[in-house]
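Below you'll find the structures, each written out as structure tokens.
Look for chain A in each of the two complexes below; its partner is chain B in the first and chain C in the second.
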Partner chain A sequence: MARYLAKRAVDRLLVLFTALTLQFLLLRVLPYYVMGIDPSFFFMNPNLTNEQRELIRKTFGLDEPLPQQFVKYVLSLFTGNMGYSFYTRRPVVSELMERLPNTIILLGTSTILVIILGLAIGLLVAMKRGTKIDTAVVSTSVFLNSFPSFFLGLLLLLFLGYYFRLFPTAGTVSRPVPKDPVRYIADYLWHLTLPLLTQIIIGVGGYALFIRSLFITQLGEDYIVTARAKGVDERKIMTKHVLRNVLPPIITTIALALPGIVSGAVITETIFSWYGVGRWLFEASLQFDYPVVQAVLFISVVLTVISLYIADIVIAIVDPRVRLR
Partner chain B sequence: MMQKTKVKNSAKKPSRVKAAVEVLKLIMKHKKGLFGLTILIVFVLIAIFADVISPHSPDELGLADRFAVPIWFKNFPQYKDLPENLAVHVGAAEWNFKNTIPSQIQVKKESSGWIIFKVKPEEAVSKTVVQLEYDFEYPYSPPRRFEGNIPYKVTINGEPGSYAKILFYIVTPEGKSYLIYDSRSIAYNKTMIDPPARFDARDIALKLRLGFADYEDIGEKIFSEKGTYKLKLEIIIVSVPRSTITVAIGPLYFRIPGLAYGLLGTDNLGADLFANLIYGTRVSLLVGILASVISVSIGLVVGIVAGYKGGIVDQILTFFTDTLLFMPVIPLLIAVSVYVGKNLYLTISLIALLSWMGFARNCRAFVMSLRERLFVEAAKAVGASDTYIIFRHILPQLTPLIYITLVLNVPGAILLEAALSFLNLGDPSVPSWGRMLYNARYSGAFFKLMWWWIIPPGIMITLLAMSFILIGQTLDEVFNPKLKARR
Partner chain C sequence: MLLEVRDLRMYYEIEGKGWVKAVDGVSFTLDKEESLGIVGESGCGKSSLATTLIKVLPTNAKIFSGEILLDGVDILKMPENRLRREIRWQKIAMVFQGSMNALNPIIKVGDQIVEAILTHKRMSKRRAWKRAEKLLKMVGLDSSIAHRYPFELSGGQKQRAVIAMALALRPKVLIADEPTTALDVIVQAQILKLLKNLQREFGLSLIFISHDISAVSEVSDKVAVMYAGKIVELGSVEDIFLRPKHPYTKALLRAVPGIREEKKELKSIPGTPPNLLSPPSGCRFHPRCPYAFGRCREVEPKLVEAEPGHLVACHLLGGETA
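Up next is the complex of A and B:
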């Protein structure tokens, strides 16, 4: 077990480093050398003199050759320094902390709800396979899968936001910000509704379908037939046999969903002008604000690596076969 | 599962077309597949005949006024009177001469619509006003604006002192006349043919001259009621002796851009939204299919090499695949699209490069299981080369998986491209559905509740993506009968 986990840890660290390199290649080297885009071009006042430009480039470390910048970047990551935003000249970490609560509230709630609802619906449908509910859920899921997520947000915005004027169309809280904490929370939740609804509707269809097919595959296996033939109690089949085999992939999907809670939902946040990490990433990308983009992507990869590693541990505990591999 | 559906290719090889027809027949047997296939065929036909279906290209601007509503809205009482496009060309044959012209001025009407007034050097005229009028019926509610042009040419030779002046008025049914165009005195040679003299209701100088405020729509003020309006042209000619003056007036073009136009109205630049919707089919189909083909090709090569070779090659390829799987796809796609997205083919490649990993993994696992099978062992024992085994024994077994993935990868690519275009990271020269939604969002279509602009592209994206999902699922059921029994 320990050996298995240690091997996994080394693997995952290597993946992390490769991902970091790949990001640097895609975001810094490729635009600079292939497309001829110099990020410093976009944030400097064109009226500055060359000396002033050089000084600014130097403060951001942009005067050094790219390989050296990469080494510096990786080393500074170890100290928790994510760099400074080109535009606001503030540390990326402190800006991240400003936006993180909003994203965690939006994505955390929606992820948890999607998992719970998806599990419930998927399980229900898998049990009632072939009935009308099953067909309805499956066809709805297919429809939702082909539905562009941003379009769902736009529809909610158009009807609930602009037509019926039930919900605000943009922002995280009203201006001026309500002073009373109770009203502040109410106002915040009011702003949260539409993006949350969008995230849940998008996520739940696919997840329910996934859970359904997972259970149906297991229920069709020979060992279940055997257990049934032996007269094993249905409930026992579920808990003892099916659950054991279904759990690992479910754990993996949950682990894969977790990093999104921090890196945010770029499109939904952009549509509803949610003051979160996803929108920040989008806006920073548009401005070639690379310290920000790299930081968000890096955090996302790190969290994926960590949560999948935790998933590995959990799966190894749940499913003894894995340990023996 | 896959092994049970032995593909007949290896046995006797019926022609590929026949096999494809066979598969199509199987798909059509399923209700789901038939439905998906029908939608897809409709979309393909729309894409092929886009030029025929849509009378205009989405690049043509100013087809009607901006934010025009669909023309079929006029069936509803509250939109009944909305102005449609109204344009008149008033040439020599159409103008009514309102006054007698002194005999010194020769008038020549040409068949091309031009009228030429000429005073010879031996003649002289003191200030003479030639009045031309044209009546037209305006049957709609007030428009927002009007525009038009008059080509003319003034030639003056000889002694100084001769001049001409061209004035254009609109006269309302009440008899109020508005001076729309004033050429000022022309005492020299002047050619206004290409470009002709223009007038536009949005011209602020014009608004102020007519006594309106600069924010008012003067089209609305002038054409405030239904009735017979007059277009009036006044040509003032003064000629001194020993000079020739020629005034040529071309056909006047006058237009009131409609507020109701086409099947889906117009956007903020007056382009036809229906055209955008129709041409968007081409973009989405191209993106979906091309991205899917590229990603499946990459996945196939990586999967086969990794699965068949094994060992260190497998480890490296699997490691690389896993690394890409760890990256957040949408944020990365957005960050990279900012600098490569302005080219459609780069966007397609980017989508493909970030979506081949799943298939590579499936492919690798399947090839690994095949490699251990007896027929591969046997082929190896006979001395078959790796390429021979891969092409002859492994690839045919993979065919169903390849087809299914090819189809099922399309919707993802279509949705991603739409999302990128919606974020304005797509090719600006391409009329895609995502771009249509971007335009809607950033020109206030939401605020104006223009649902006919917002909803159709979303429905098109959904239907197209759904058709591929349905066909893919049917293929899956056809090729994996065991799965079907389970459903």
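Up next is the complex of A and C:
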């Protein structure tokens, strides 16, 4: 097991460094050296003299040779120094901290609800396979899973926000911000409803389908028939035989979903003008604000790698085939 | 009579398409310490028959008629709970194709045997483990195998472990469904020998299901030939292999090479097994039968005694045409 985990750690670190290098190439090398776009032009006043421009470039360290920039970039990311936004000139970290709670609340709630609902619905229809409920759930799930989230978001905005005026159409809290903490929370939740609904509706269909097929495959395995023939009761078959076999793929999907709680949902946050990390990433990309882009991408890569490594450990504990090989 | 099966019908429902008639009017008897072989092509319903006998069926399966009398008691009429506790494994145990996936890959072999014991017997976990180890020794495995996971074992070892598990409660009837399939010939021979020895030792009644005619001939006293959900011929091993009467049995025997025989031409059976959603009218074998005549297309032949103890379902042997 130790050898397996060591090997996995090396794999995961390799992934991290590949991602970092690609990020650097895509954000810093490709635009300037291949496409001829200097990101710094976007935030510099065109009336500045060349000397002033050079000075600004120098303050951001853009005059140094590329390899040196790369080393600096890696070192500063790992020491938590994310630099300054080109756009707002504020430290990336402090802007991140403003947006992070909103994203964690939206994505944390929706991710947990999608997993719980998906598990419950998927398990239910797997047990009732072939019935009308199953057919209904499967077709709805396929429909929802293929439904674009931006379109669903817009529909919800149009009907529940604009025609019926049940929910606000933009923002995280009302202006002016309510002073009473209870009213503040209520107002916040009111704003949260539509983006949360969008995230859940979009996510739950696919997850339920995944869980359903996972359980159906397991329940059809020969050893389940053997267990039934042995006279083991259904509940014990579920807990002892099925659950442990479906756990590894479920753990992996959860591990892959967790980093999203911090990196946010780009489309949903943008549509509902949610003051979160996903929308920030989207806006920063449009503005060539690459300190922001690379910070968000870096955090999501690091979290993905950590989260997958934890999944590796848990799976090794659950599955002897992984542990003993 | 230990086990008597009468007119058993079990169909699978396929939504929007109808019923797959996998087991369609099967009757046979099995004496104490007798062994019955069931042969047939894949998809003829032999495995479905096995799972119907202990009523371990998928949700889309339905038993339409029939009786399964074990010591005179119809187990199909038993409530599920009683069937589960008193019959399954306790009285009728099964050996599945162990080399494949009959053992749960992530549970220790010993635990899986212990599970079978503790589901039916009240005893301490330690005693159950001791018993599991003894069972493994009995089938020719080292008792340390109990602490291993199935993926650490070879195909033959797994098959032996599955047999050990089946014997855990000293059942009266042992159903072995393709126990030698996917094993190499030498291991196959060992497993067959083991099954034969254990049958004698435990006084088991054995139902041996296989598509492999030579394996069936090794272990069986009686043989039933299944085609498209029905038994088409039933008799002693000698009856079936030396004096086959049904055209399907004859064709099946011609399709198997014999090692000691002179070179002969192997004849495959033309056509494919019928779709059991809508089986052919009359005799189900008639579209592939070289001797088929008018009556075969219209009337289903009954399984009748052609000679004492030798039953055949074929119009060629019927009163009018014989």
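In this section, the second predicted complex is superposed on the first by the 325 of 325 C-alpha atoms of A that agree within 3 Å, B and C clash if a C-alpha of one lies under 4 Å from a C-alpha of the other, contacts with A are read in each partner's own complex, and residues count from 1 in each chain.
Methods note: a contact is a pair of C-beta atoms (placed from the backbone, for glycine too) under 8 Å apart; a residue touches a chain by one contact, two chains touch by 3 or more.
Quantities reported herein were computed from a predicted structural model and do not represent experimental measurements.
Of the two partner chains placed around the shared chain by superposition, chain B is the only one that A:S285 touches, whereas chain C remains out of contact.
In the overlay built on the shared chain, the residue A:A2 is in contact with neither chain B nor chain C. Look at A:V182: by the touch rule set out above, it reaches neither chain B nor chain C. In the superposed model, B is the one of chain B and chain C that contacts more residues of chain A. By the document's definition of touching, of the two partners only chain B reaches A:S300; chain C does not.
Contacts of A:V10 after superposition on the shared chain: neither chain B nor chain C is touched.
With both structures placed on the common chain, the touch criterion links A:I216 to chain B but leaves chain C unconnected.
Of the two partner chains, chain B is the only one touched by A:V142; chain C is not. Contacts of chain A with chain B, set against its contacts with chain C after fitting on chain A, overlap at residues 129, 220.
The part of chain A that touches chain C in the complex is made up of residues 129-130, 220-223, 225-233, 240-241, 244-245, 318-321, 324. Within the complex formed with chain A, the chain C residues making contact are 13, 15, 51, 54, 56, 58-60, 84-85, 87-90, 93-94, 96-97, 100-107, 115-116, 119-120, 149, 151-152, 162, 165. For chain A in complex with chain B, the touching residues are 11, 14-16, 18-19, 22-23, 26-27, 30-31, 35, 37, 129, 142-143, 145-151, 154-155, 157-158, 161-163, 169, 216-217, 220, 259-260, 263, 266-267, 270, 278, 281-282, 285-286, 288, 293, 296-297, 300-301, 304-305, 308. The part of chain B that touches chain A in the complex is made up of residues 319-320, 322-324, 326-328, 330-332, 334-336, 338-340, 411, 415, 418-419, 422-423, 434, 437, 441, 446-447, 449, 451, 454-455, 457-458, 461-463, 465-466, 468-470, 473, 485-487.
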